[in-house]
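Heads up: the structure comes next, in structure tokens.
We call the chains A, B, C and D, going by the order they appear; numbering starts again at 1 in every chain.
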Amino acid sequence: MTVRVGVIGVGMIGQDHIRRLTGVLAGARVVAVADVDPERARQVAGQAIGVTVHATGLDVIADDDVDAVLVASWGATHEEYVVACIQAGKPVFCEKPLAPSGEAAGRIVDAEVAAGRRLVQLGFMRRYDPGYLALREVVAGGSIGAALLVHCAHRNPTVQPHYVADMAITDTAVHEFDVVRWLLDEEITAVTVHRPRPNRHGGDVQDPLLLLLETESGAFVDLETSVNIRYGYDIRTEVVGEDGTVELGPVAPVVVRREGIQGSPIAADWQERFEKAYDVELQHWIDSVVAGTAVGPSTWDGYAAAVVSDAGLTSLHRGGRVPVALRDKPGLYLKDR
Amino acid sequence: MTVRVGVIGVGMIGQDHIRRLTGVLAGARVVAVADVDPERARQVAGQAIGVTVHATGLDVIADDDVDAVLVASWGATHEEYVVACIQAGKPVFCEKPLAPSGEAAGRIVDAEVAAGRRLVQLGFMRRYDPGYLALREVVAGGSIGAALLVHCAHRNPTVQPHYVADMAITDTAVHEFDVVRWLLDEEITAVTVHRPRPNRHGGDVQDPLLLLLETESGAFVDLETSVNIRYGYDIRTEVVGEDGTVELGPVAPVVVRREGIQGSPIAADWQERFEKAYDVELQHWIDSVVAGTAVGPSTWDGYAAAVVSDAGLTSLHRGGRVPVALRDKPGLYLKDR
Amino acid sequence: MTVRVGVIGVGMIGQDHIRRLTGVLAGARVVAVADVDPERARQVAGQAIGVTVHATGLDVIADDDVDAVLVASWGATHEEYVVACIQAGKPVFCEKPLAPSGEAAGRIVDAEVAAGRRLVQLGFMRRYDPGYLALREVVAGGSIGAALLVHCAHRNPTVQPHYVADMAITDTAVHEFDVVRWLLDEEITAVTVHRPRPNRHGGDVQDPLLLLLETESGAFVDLETSVNIRYGYDIRTEVVGEDGTVELGPVAPVVVRREGIQGSPIAADWQERFEKAYDVELQHWIDSVVAGTAVGPSTWDGYAAAVVSDAGLTSLHRGGRVPVALRDKPGLYLKDR
Amino acid sequence: MTVRVGVIGVGMIGQDHIRRLTGVLAGARVVAVADVDPERARQVAGQAIGVTVHATGLDVIADDDVDAVLVASWGATHEEYVVACIQAGKPVFCEKPLAPSGEAAGRIVDAEVAAGRRLVQLGFMRRYDPGYLALREVVAGGSIGAALLVHCAHRNPTVQPHYVADMAITDTAVHEFDVVRWLLDEEITAVTVHRPRPNRHGGDVQDPLLLLLETESGAFVDLETSVNIRYGYDIRTEVVGEDGTVELGPVAPVVVRREGIQGSPIAADWQERFEKAYDVELQHWIDSVVAGTAVGPSTWDGYAAAVVSDAGLTSLHRGGRVPVALRDKPGLYLKDR
């Protein structure tokens, strides 16, 4: 069976997923697209054969030739499309963030709980990175004891002009919100955002930030977000346990020795760093559609990340420590890990 | 277009390629198989829908529903199948080695030259490994000057019971024969095989070996092959230039600190180490079938490796330095790099 | 000239310095000792020829045969001995901490300012470590831009039974208080101490701690102190600038590949990790005594660290962010960097 | 007791040892010097108090105020001075090489055997490097099984104008001749020197070389010597055993991330790389003089290295494999390891 995928939103990430579904992964075919910019939708559709251009995302979801939907549109539109997919009983892959607020995300939880089965996979691709998978295996294996601290850094060389201050929380730190929950298998309970001396490259955006997260077990997480650090895209995570630590390892294709330096190249951007994770993530989704069961990051994971983001934004704007208040976890998500 | 692939030989590597074509890569479907063991062929075919089992490899090639052929049978049979593919005008991916001798490989060269176009891609997967690609880019870029020396180690933790002494040359060292030719963009001109103190785990097989290769430009290559070294699968390559060096970098998913040691896991076997290279290799082949042009390691590359292997076997058995005598390179292969 | 050194306090660190002065470094000789435990003083003195045992530290200082004094007694006694040395005009090397409170340390500042010249070198040995020296050179060189963040970890496998909760600030974190001031060339302005989930090995001691330091320029420092982490003694420091970062590098004598792991030994304790730093530190002191000018970490550095420690203790006990209030820096210390 | 040292030869290395004896190490004092250039001897002596300048090295040895002698003159003069020290019963530290030929070195062995006790320590400083010590401990510990192969590289960025072709054997490779003997605790039995494509920076000197050494147990050693490689001073050694490997680890004070590269500085020269080894080496010598027993690399080690060098020179000039023929090992050296 070839899964016939409809794609809503064909900007940079949407086009990248289409490339992946078409030329890299097994078992899927893109059959329909829509975009807020109809001309862009037509251009992207024209690059392949048999791709229908729809006027709206809802038309994509309603299309009988569409088995499953990939939502890569602007975050504010996710709620409408994902809820429509759930109501249509169609599997949906939704790029992060699930929704721009915990409240909106909570309504998607309601919809899926009402549907009575998981239909949503959220695009937290790091859970498919070999480094993060190995990290989690060590933490879960118990050889370093209970996790007490996590040290994270999330660095981008530059950001696009449309990057505004809040995005350091909602677009950047949100990846670590999910990673921490997943690595430690527990919820985040409070967020404090500190504002260090600003980077001269940062313009109006307060950059870097230093976030402090607390978890249910009492673990503390410090998280640096730097989005103008020029030298490369660099992701660092170390979990400190009672008996030892585990951190993401070095991944350097080569070591060059020249002119007094032994050096390795650093990834230029997230596409390069997480290329394989994106591939594995989306292949798992296609396979899950065939198997009939959603896997991976869930609506609940998206909801929790959104509520933590809300707390992060409050702390960023007002200062101080902001507790995170999650609703009770519905039974639908209890068996996930 | 979905490429319909016939697979000849469904042992370990053949089955792995079928898994890849079916569930990992885009654009291909396995439609026919054959194996020297008909029962095994039936079992493998039974795991998917619409796969025809043929009595012989030649029947696979003759099948009109087969667009392209993947040869993963025993090395001694490659010549027959690859030549038949060439004569049938069907693209063929052939696992290494191309043939068990330079003479046999030369006949495949003759067949392809007679056909007047490249139809063969040889399974030297390292050319698709990110590490080797980066290594070659640095060497070709000139920043370390001309390559004067190459240091290689090729280590397997254990080998299968059927591994006999000659395979240290024909199955193990052959990868470096190709890698050196490709990295330095020149031919190997002589081989000397030394026999160090044997590993107690090696039984009757002389292990390790220390090979010395010489190239057209006068570069020297030392190559350790160890096939019983227990600790893991480990591939090391360093190119020493006039002004600097470049070597394969560290690829460790995590670093664990426990009990006085900071350590990283080592790959268990070649499947793990070169997983991505195998994926990229075969996707390139599928894409080339669609595009109508063979790419990557050529019949000439397989021929040159086979002639170097012949020299290596002579040196292994009789000792001393054995020159490598290649025929003139046909024009068909001149544009390759 | 051979510097004749009197040593006050011959516990573990005192004995180690005597070993160093006697058998490792050039230009010094131990001629007198005193200890709160007279028997221990006699034993240590008995291991060499010509070492006088005095009843008290003040007697050591008063001894005409003593050119310079090394204070390695309990921290609470430092003020008395260092002030006496200053008043006697004798150069003094004082182990850290300078004094158990900012107030006590301030009185030593007063004494030295009254004397009108620097006589004190404080035992912040990390300033002599090749790694820290290289770190500081990169930061000062400007190639990574202004320092915005510093990430530190200070880990001990275990601590002695007499280690109590406050020592995580006064004995452990105090090293980073000094290192941060020295690396960034500015003062610390506030301290916040967080209490993560406790290590089960920690007994009554709250361990680990996560400290947040702020500096004059607005840089933020996160500092993990772990003193029961079992796996080894591990010190990590990374300075994050506007354009790049610099961190302490790997220092592993060997890499061993065995049983699926490539691993390097981790230092067992601070003596091993900072062996060379201790040697260089004390040789600099001896040389400075000969040259007639105190060098290295000053009384001011000890005072600043003590005031930051005071703030750290307040935050540890009461919680929250505690500002650091330093007196004006006397001219005597202005030229130091 | 302060050892009164006479230094013969006050060129670069001699002056460096004087600096070390005077200002770095404990327990020694330089009291006499001589040099082939009397003016240079006077200048060096003038930098300290109480240093006698002698007309000849023999006068230094005969000086009653000289307890022990350090020979750092030109290699061709070592035999005369070391034999004179032995005959005078004075401990002597002799820079490598012991003598310019196995024959000359053999005469020193004869002299010391006649004296009936070890008086000579040879300046193979690598035996005191923490990396090499750890390497040897792992090999001797047996955890990687018997040593089967050793991979070595010895790289200098540039060499002095007086460096001639033979010195690649007698000055450069000689360090590995000793290291291999010491790591594997056995003698080298044959040498083959290969001449790769020459480095364009090498002028008349054949550079690099690729040496192949064989040992009594059948282990093979490949050794690259590169003396014009520009990028830095780099020493690499990996011992390959039956069950694993051990190699010199990374020693980088810092890692800097800037402009797409994560890089560490490489040592500029041997003084920087082996600074600590030189210090420890010479302190051991001073301590051994006080203790009355020579330690460390012996006359036999110098003799064996000289005979291997002879074989290396023969292979360099005539080509081919040259066996190494050592005399029987005198009982005086049997207990050394």
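Rule of thumb we're sticking to: a residue touches a chain if its C-beta (ideal position, glycine included) is under 8 Å from a C-beta of that chain, and two chains touch if they have at least 3 such contacts.
Since the model is a prediction, treat every value here as computed from it, not as a measurement.
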Inset, instruction - Please give the intersection of the contact partners of subunit B with those of subunit D. - result: A, C
Legend entry - Per Cα centroids, the chain farthest from subunit A: D
Legend entry - Euclidean distance of C-alpha centroids - subunit B vs subunit C, Å: 57
Inset, instruction - Let me have the rounded angstrom distance from the C-alpha centre of subunit C over to the C-alpha centre of subunit D, please. - result: 37
Inset, instruction - Could you tell me the distance, in whole angstrom, between the mean C-alpha positions of subunit A and subunit C? - result: 44
Legend entry - Shared-contact residues (touching 2 or more other chains) in subunit C: 230-231, 243-245, 252, 257-259, 264-265
Legend entry - Contacting residues of subunit C [partner subunit D, same complex]: 21-27, 130-131, 133-135, 138, 143-144, 243-259, 264-265, 276, 283, 287
Legend entry - Sites on subunit C touched by subunit B in the complex: 230-232, 234, 252, 257-266, 268
Legend entry - Residues of subunit B that touch subunit D when the two form their complex: 145-146, 148-149, 151, 153, 194, 196-201, 208, 210, 212, 217-220, 222, 224, 226, 228-231, 240, 242-245
